[in-house]
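Just so it is clear, A, B and C label the chains in written order, and each chain counts residues from 1 on its own.
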Amino acid sequence: MTAAAGDALRLEAVTRHFGGLRAVDAVSLTVRAGERRALIGPNGAGKTTLFNLVAGVLPVTAGSIRLFGEDVTRAPAHRRAARGLARTFQITNLFPGLTVMENCLLAVQALTPVKFSMLRPVAAYPRLRARARAMLAAVGLETVDEVLVANLSHGEQRQLEIALALAGQPRLLLLDEPTAGLSPAESRLMADLLAGLDPAITVLMIEHDMDIALALASHVTVLHYGRVIADGTREEIRADPQVREVYLGA
Amino acid sequence: MSRPDFWIIQTFNGLSYGALLFLLASGLSLIFGVMRIVNLAHGSYFMLGAYVGLTVALQTRSFVLALLGGAAAIALIGIGMERLFLRRLKGQTLGQVLMTVGFALIFQDLALLIWGGDPYSIPVPRALTGSFTVGGVVFSAYRLFLIALAAAIAIALWLLLDRTRVGALVRAAVDDAEMAQGVGINVPRASLGVFALGSALAALGGVAGGGFLGVYPGTDFEVLPYAFVVVIVGGLGSLPGAIVGSVLVGLLDNFGKALFPELSYFTLFAPMALILAIRPTGLFGRG
Amino acid sequence: MIRRRALFALGVAAALALAGPLLPAYPLTLVTQALIVAILAMSLDVLLGYTGLPSLGHAAYWGVGAYVVALLATERGVGLAGCAVAGIVLAALTAAVFGLIAIRAAGTYFLMITLALGMVVWGLAFRWVSLTKGDNGISGVPRPDLFGLGSLAGPLPFFYFTLVAAVLAWALLGLLVASPFGLTLRGIRESESRMRSLGYNVWLHKYLAFVLSGAVAGGGGVLWAYYNGFVSPTDVQLITSVEALLMVALGGPGTLAGSVLGAAVIVFLKNFVSIYTKRWLLILGAVYIGVILFAPRGVMGALRGRSRS
């Protein structure tokens, strides 16, 4: 089966075993370019494991992963990032001992040869700094750029998570529970931020807040015990009785 | 000496050295596996055990008491170090390295102060001082004793880990300390027990080695790298790893010294590097 | 910020330069020794403080540099330039080979592997008697001529030479840690997984840091051979690597200046304490423990921590 030209991500029978446990069981799904898709399912359904497989953090036990038509099943995480993949982490994963600006600079220089520059100071690259500043402004963090990340509030850290993921101008963005641990007000801000994302970016998100998930996503995939039990538009999923029983009813 | 005799003797010597290394390194491997503590004073336990054993042997004229006394004394020191100092450095690798080196230096100086700088030999029972001949090849009785001692300890450890409830607790903690704590296992208490056992084993090795290699200042940093190599090769927290690792290192070191004296350390560490290149977590390790 | 630190460091260097002729011979040689050891400490700081890689075998590259100089200078009569280049290149090559084995490992394994690799060098120094004269060491390393400008035999000319070399090393490393590559190293220290997801080949950056750090340590070793006139296996033993770690930890990892401070403190401590008491090992051991208990981020870390909050 050939991948259609507009496929951002194509998973075929992706499986991951942990000893006897099948965390992800023959998952096949296709996310078309520009699509906004939510990945939902009860706790332990395998959503984060699936993310880790797509991101290249975990190797697959079986199956294949294609990113924009290219087979990345064996490619390490950094190679996938160079191909346009970016992700955020469910448990905030920033650089706590560095300032907000330094965090952003790292994201901005990541896919450029500047990262190997050894004899000129960072300050000698004003364009990098300008891009970093723009990223921070886009998520509303430009006023705290000299603050150590360890001293940021949880909400600000989640915002920075998004900024870091967007800094490399990704084509496919994996969002792992972007509103995790946020207050209702902060969640609304996050939802606005996500709604305002460049429509050209394909987004696959894990989200427990059903309102946000269904508001942002046009398509939904439902996982249960590592298997896909439903896959379709949000209207179809809303109406699916099996999904209701497994997840929405809870 | 005929060719086959040479190989037989060298293998035997290598095995006896491996036996000593097993006593030294098995405890280290368990300590690493359960607590992920880097302890550069482990060689000091070996040395102090030998010194204490020496004093006990001279005072009581009993080799058995020397073995037990050395082990018990150092177990106490180990418990003290873990409880009072190392416990607060959980996860801080650099801190553990520096603190344990600090202790190693202090132990070294205290040993100099108490026992002086001259080398000693621990008096051993007559029965162990001789040699015996098999098929025309002469073997040292003491070396055989070392192999027997290590084998006995290995079996005892295996039974402890595999057959007892305590052993199951320790194995669970090696597998996943957080999970073990989560299911109600008192990991700190198990850790303390492992630490005491590990240091006691090293001390036992020191006393046993003392009757054969002698007791002298500098032993501590001399044996420490060997302990590390055994653990690296065998894998963290693995008893079979410690057994295989000690035998391998003992044989390699012995043959290396006999065949290529100028490169002997290299012949020891190069295979280690090779094993690591293929299996980064050691032969039996889980990383 | 960089400019302020640079000016401060140059100020210190200038003060030392002026004080040089005024110091009596023994303190002068101690200051020279501290400067040379500071180069080793700074090179280790790049690895430990900035990249988060605790190496327990750094004395190996220092030793390679020193032995290369000792051998070339005493047996082949090679001059300063040849010895220095050979020493640094061979130290870098050693780090390049060792790095291939060590960098794959993480955390505790890295520590143990670097320890074992350091022992390989010690073992060769100790046993390869036909090359290294084993435990006797190589003595009689002559002070070189400075490219025809005169001999460095006297303590004062050698002190100035060392001062220039130390300032050069500090400047190069300072540029390195302030560069995008330096920022990359710090990112690796803070979160390797995040760096990978951003697109960094973490292994490659760690490896480069390892080799560069080894090269600089080798440079320190080159100076050491000339300073000491004598190179032996004690220069590459485990305790030397550990002392380097202590210097970095005491001064403050990740600050470069801290390493210089730590090196100076340890050099002076070792030399002075051993004059007054035979129990200097005990005292040194207590220092190790004290640093961890009371100043876990080192002196500079504590100072800068206060100004940053």
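Everything below uses one rule, namely that a residue touches a chain if its C-beta (ideal position, glycine included) is under 8 Å from a C-beta of that chain, and two chains touch if they have at least 3 such contacts.
Bear in mind the structure is a predicted one, so any value in this text is a computation, not a measurement.
A.B. asks: Strictly by the touch rule at the top, which chains does chain A share as contacts with chain B?
C.D. replies: For chain A paired with chain B, the chains in contact with each are C, in label order.
A.B. asks: Applying the contact rule given earlier, which two chains have the most C-beta pairs between them?
C.D. replies: B-C
A.B. asks: Measuring from CA centroids, which chain ends up nearest the centre of the complete protein set?
C.D. replies: Taking the mean of all protein C-alpha atoms as reference, the closest chain is C.
A.B. asks: Taking the mean of the C-alpha atoms as each chain's centre, how many Å separate chain A from chain B?
C.D. replies: 48
A.B. asks: So, what's the distance in Å between the C-alpha centres of chain C and chain B?
C.D. replies: 32
A.B. asks: Mind checking the centre-to-centre distance between chain A and chain C? Centres are C-alpha means, answer in whole Å.
C.D. replies: Comparing mean C-alpha positions, chain C is 42 Å from chain A.
A.B. asks: Can you pull out the residues of chain B that are in contact with at least two other chains?
C.D. replies: Correct list: empty.
A.B. asks: List the residues on chain A that touch chain C in their complex, please.
C.D. replies: 55-57, 76-78, 81-82, 86-87, 89, 93-98, 102, 105-107, 109-111, 114-123, 125, 128, 148, 164, 168
A.B. asks: Could you pull out which chain C residues touch chain A in their complex?
C.D. replies: By the definition above, chain C touches chain A via 2, 172, 175-176, 178-184, 186-187, 189-191, 193-202, 205, 308.
A.B. asks: Which residues of chain C touch chain B once you look at their complex with the stated criterion?
C.D. replies: 48, 54, 56, 100-101, 104-105, 107-109, 111-113, 115-117, 119-120, 122-124, 126-130, 237-239, 242, 245-246, 249, 253, 279, 281-282, 284-289, 291-293, 296
A.B. asks: Give the list of chain B residues in touch with chain C in this complex.
C.D. replies: 32, 36, 38, 40, 85, 89, 92-95, 97-99, 101-106, 108-110, 112-113, 221, 224-225, 228-229, 231-232, 236, 261-266, 268-270, 272-273, 276-277, 280-281, 287
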